[in-house]
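Below are structures written as structure tokens.
The following pair of complexes shares a single chain, chain A, combined with chain B in the former and chain C in the latter.
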Partner chain A sequence: MAQSHAPAATHEHDDHDHKPRGWRRWVYATNHKDIGTMYLVFACTMFFIGGAMAMVIRLELFKPGLQFVDPQFFNSMTTMHALIMIFGAVMPAWTGLANWMVPMQVGAPDMALPRLNNFSFWILPFAFTLLLSSLFVPGGAPAGGWTMYPPLILQTGASFPMLIFSIHLMGASSILGAINIVVTILNMRAPGLTLLRMPLFVWTWLITGYLLIAVMPVLAGAVTMLLTDHFFGTTFFTAAGGGDPVMFQHIFWFFGHPEVYILILPAFGIISEVVPTFSRKPLFGYEAMVYAVASIAFLSFIVWAHHMFTVGMPLAAQLFFMLSTMLIAVPTGVKVFNWTATMWKGSLSFEPPMLFALAFLFLFTIGGFSGLMLAIVPADYQYQDTYFVVAHFHYVLVPGSIFAIMAGVYYWLPKWTGHMYDMRLATWHFWLSTIFVNVLFFPQHFLGLAGMPRRIPDYAVQFTDWNMVSSIGGFGFGLAQFLFPYIIWKCVRGGARIGNRAWEGAHGLEWELPSPPPYHSWTTPPSDAVIARGAEH
Partner chain B sequence: MSPEAHIRDDAERRRRVRRSALFFALLAAFFYFAFIVMSLVRGFR
Partner chain C sequence: MIRATAPSLALLAASVPLALGARADSGWSELNMTPGVTEMSKKIYDLHMLIFWVCVGIAVIVFGAMIWSIVTYRKSKGAVPDVTLVHNTKVEFIWTVVPVFILIAMAVPAARTLVEIEDTTKTELTIKVTGYQWGWQYDYLDDGVQYYSHLDRQSDAARELLSGIDPNSVPHYLLNVDHPLVVPVATKVRLLITGADVIHSWWVPAFGVKKDAIPGFVNEAWFKVDADKPGLYRGQCAELCGRDHGFMPIVVDVRSKADFAAWLKEKATEQKQAAAAPAPSAS
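For the complex of A and B:
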């Protein structure tokens, strides 16, 4: 199953570029680019399905009172929107980008375990079909929030086992995908490509892979216990039987906080690729960036209880979790400083990937700062479960993770297709997204500080104005996103041909391959000279 | 590198891939069962 670096001469036959045709190419896919494409198409589809649910939420919240949906359905929308965006859109998008780029960036012909790669992708459509079909069962889709806190989640109707099974499937897919990526990075690097010569995107994915392997099974364990509590009479989290519902929260957030970094670390990798390219300078402080990512990953394991300060815990624990959370600002600050220092005195140009990267820098930092505010225990007592929290994590995930995904796609799309995309439309996509994302989420800080609770379909009239502004931002942001698949589709169909190196300042092994790259990326390992040229970080 | 050396290198790489994939799969399984067992132990105390 493992792919080989052996030269073509040692094979019985040379099947490079002999793609399977028709549906077999996709269903039986073992090629990293084909599987990467399927992940990205799947993520984009889920992004629009989850986005449609966000539109329902913003439509209902446009005015106070109940207008369009009943409260149960509203809660289903918030729950499903979160699950779909996290597990269906952002995580598969990162895995798709890793599938496309990691073998090319490490000088490998393909992923280490191509058939496992096929399996981990094809689990996903089944998982999400199951989850989405829960909208149509008696009692409706799960509505207890994506955090699935008992005892509330145990009251879910017929959709409960569907939720649990789909979470298990998503978890299995993520773990298998992560194992494949980690094994590829550790074993398939071209000779001479040492760990500290790897591109930052590969480094961030290596660390993300470790996080996934460590924490996705913890989520699986937690939901297994929920399942047995619901159907088999156990009382892990049921107080009446001697169980402890708060224990679920500890276990969930032991998974949940590293999960936040699973969603953002590959974004750091993309930004570390894009900023040097469009600054025409090497990345400032490459090794510091690697250590900063590793530190953030380590710290992510010891901060989980900052999500549950108001649950009640000893003062010493509150202090520990507050201070360890604040400590994350140090390596994050190192990264923001280094990206800025990379741009300092650089020969900057502002193509769409760089625009998205710059917006990421400003807006992710806003999300980081509001995170610091939430880390302060007495302040968190005020902010907990308000729209301030909603504003915070959406700033981290939308102009953070999703903008970085867009930066990555706009950066590598010419490499994937061999064509340059419509820059004018992509620039429009950037400006509309950036303006509307702020109109959508910035007012939610005000709403939260004024005391508007999250996860409610109706609200007091004093919150009306900012909710209207936020909803208008939401509709604008949602509409602007239709440009994204259109630009990609247009680029796949044709456009100005580009050479190996789509961007003047781009470095890395992927830019040494033709555009589009051959079906199997590096059938012979790149030479030392090519690696040295590519490793000019 | 001679073709024989490539084949040797390739076989060694396959072994390393299998070993590391198995190691990470066992690590994931350990985390899954460890958290369930930990919860059970806590419940019996």
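For the complex of A and C:
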């Protein structure tokens, strides 16, 4: 990159960005900020597509009887809704936030492997075009649940290979992205930024990266076995051929349980940044928070069969998985207590990031309680495959992961754009989301306890009232989400100019940079003094 | 302004179903698990309520602390942050160790109940249950009685897309079958559960029994209905099994021992005669 003039001193911003214009900037992107933006825009799009499917589900479930869709199509909607939300919305959103923030937070100029970064992103639009096209092939989209249990999943029609290959593609994207993030964190931290001085968001992504590398290949193995069972005469999961359908469940959930921690650990990181900022107080128990995340990640590998308590497991196995699952409550509890202690004797203000973080604290904790109930095996016999489970995981995923993503976006959007967004609108977005998310999901606890199974398009009449309430909550929540991209778009276009530190109590290397940061930031590493200021915890 | 209108939005949302009118049993009161009609289902219910109240107790403390902070330590009220409050070894020790003790207190009764549930010895009657797409087959192995059990006709007609039939006009909509499973009261009944095609799951909430029906495998479950609780008990398939997963319910007809014995004898004779009778002519 030839310079046509010699800069007099080292600039933090590069006057000649040398970034290509037009579509080439995005298709050939190697800049972590551009790639981060693409991941986030992609994730937001997928969130609305997955959300539309949820609206179809709640519309059919509004009253008993079938009014709108065929049961097979309904099963496709539940299947695709989950696949899109998990692999298309939440995971790419976390990767997008990691791309934007990790290099800036560790004082690095970019990710370790920028071209791999580009590849990791661009796999995704292809993967999801493949998956979404399956709606239009004979037999329709896959309808065997996102968990894809055989033998049922092997009854999928023409969309079966599309399902398997899109999962392979998404998995490859995740693995490569995770490698990039882990290598960046381990190798490219500014001198003086030791591991135990890193922001919690970076810590949670370091650990999440290891989880991804460990378990995405397991999912790939499981779905490849489905593929060969379907097309090449193997019988991995067919008892008649000496195989075992339950083995699929073990392999899938060995991936699946760490996967749900992949979905939540970065959220813990976001909350650990937002709460201290808006409490104007350092995070309580920084080291305990790191050890708690590490323990949760470790434990996540030895609890998988709690998704399978009714398959007919030996007593000893049921006892082991019950105890290991209950144990996760301890480090998770420590984290909730530490966030609360951070607010205790702080000086709180309630801007949108803090509002979403507070909703997370209350509502994720409720999801944690239902999770603890599910761990009790004899009780789980009554909860398994009912709406009680649906309520649990939606509480930890929606006011859990999704609200934390929104908190992160509302926290860092001023940094990315240099403008403050419309806080009044963002506060409306918050209140409408929080109220409707509870109207939508809280009654599902009742439905499950009263005996309503999951994955059914129609139900007995005693489930009418709470289904109606839940559906109204769904419509309200869905409508409220249109505010989000509007607020972001409006902010990108303009708004009150802000300086380096958008929020009074914010600490971290990203707040030492201008807003917006230069296209290439930290081209020289931050000094010890700057690191010390940023790493105040 | 925003805070004043937000709660009223919630009230508005909540009032819509009330305005739509509540029927006698449309579900507002359907809030909790049933204690059921077996000793095991009651133990399960007790475990459920125990863990529920433990969670409520913890929630009161934790949410109380959060709400206290939100109300008391506000910048707008002039609160000054105590930036040195980042550690408290005593408190941290307590809130790590006390939860462990609470978990042990939960795990002990849970493990005891689980051991009891897994004890399938000394059963008095064995029935094979096979899950199909989309119905159940019941086979009284020792008596040569077997039959299929499908969603009953009225429900089946009403559930068709845009059938025009109001589900509320159908008795036990989606929870009624043509041929229920018949069992005697106060008898330890063992079920051998398997699947014919894909994985299903046999679940009757009133018994506290749910077990997957897996092709190629035989799972065991048992229940013993309390002596004073004969009657009809309803359940559903609890594992996604295809298009009509929601339309293959379970009905168990629990009869007195004498009634059951009579029914079984009659059924056995009927089926023996049907098997012996010459096949209808002309093909």
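Quick notes on this structure:
Rule of thumb we're sticking to: the second predicted complex is superposed on the first by the 521 of 537 C-alpha atoms of A that agree within 3 Å, B and C clash if a C-alpha of one lies under 4 Å from a C-alpha of the other, contacts with A are read in each partner's own complex, and residues count from 1 in each chain.
Note that in this section contacts are C-beta pairs under 8 Å (C-beta built on N, C-alpha and C of every residue); 3 or more make two chains touch, one makes a residue touch a chain.
The model shown is predicted, which means the values in this text are computed figures rather than measured ones.
Touch criterion met: A:220 reaches chain B, while chain C stays clear of it. Of the two partners, chain B and chain C, it is C that touches more residues of chain A. In the superposed pair of complexes, A:96 makes contact with neither chain B nor chain C.
When both complexes are overlaid on chain A, the residue A:323 reaches chain C alone and has no touch with chain B. Shared-chain residue A:182: touches chain B; no touch with chain C. In the superposition on chain A, A:517 contacts neither chain B nor chain C.
Looking at the shared chain after the overlay, A:247 reaches chain B, while chain C stays out of its contact range.
Contacts of A:236 after superposition on the shared chain: chain B is touched, whereas chain C is not. Overlap of the chain B and chain C interfaces on chain A: residues 244.
Interface residues of chain A facing chain B in the complex, by the touch rule stated above, are 1-2, 4-7, 9-10, 112-113, 116, 175, 178-180, 182-183, 186-188, 213-218, 220-222, 224-225, 235-236, 242-244, 247, 251, 254.
Residues 2-3, 6, 9-10, 13-14, 16-17, 20, 22-23, 25-28, 30-34, 40, 43-44, 47-48, 51-52, 55, 58-59, 62-63, 65-66, 69-70, 73-76, 79-83, 85-88, 91-92, 95-96, 99-100, 103, 106-107, 110-111, 113-115, 117-118, 158-163, 165-168, 172-175, 197-199, 201, 203, 205, 208-212, 214-217, 219-220, 235-247 of chain C are the ones touching chain A in the complex. Those residues of chain B that touch chain A in the shared complex are 3, 6-7, 9-10, 13-14, 16-18, 20-21, 24-25, 27-36, 39, 42-43. By the touch criterion stated above, chain A contacts chain C in their complex at residues 64-72, 75, 143-145, 149, 151-152, 155, 238-240, 244-246, 279-286, 288, 310-312, 315, 318-319, 322-323, 326-327, 329-330, 333-334, 336-337, 340-341, 343-349, 358, 361-362, 365-366, 369, 372-373, 376-379, 381-382, 384-386, 424, 427-428, 431-432, 435-436, 439, 446-447, 449-451, 453-469, 472-473, 476, 537.
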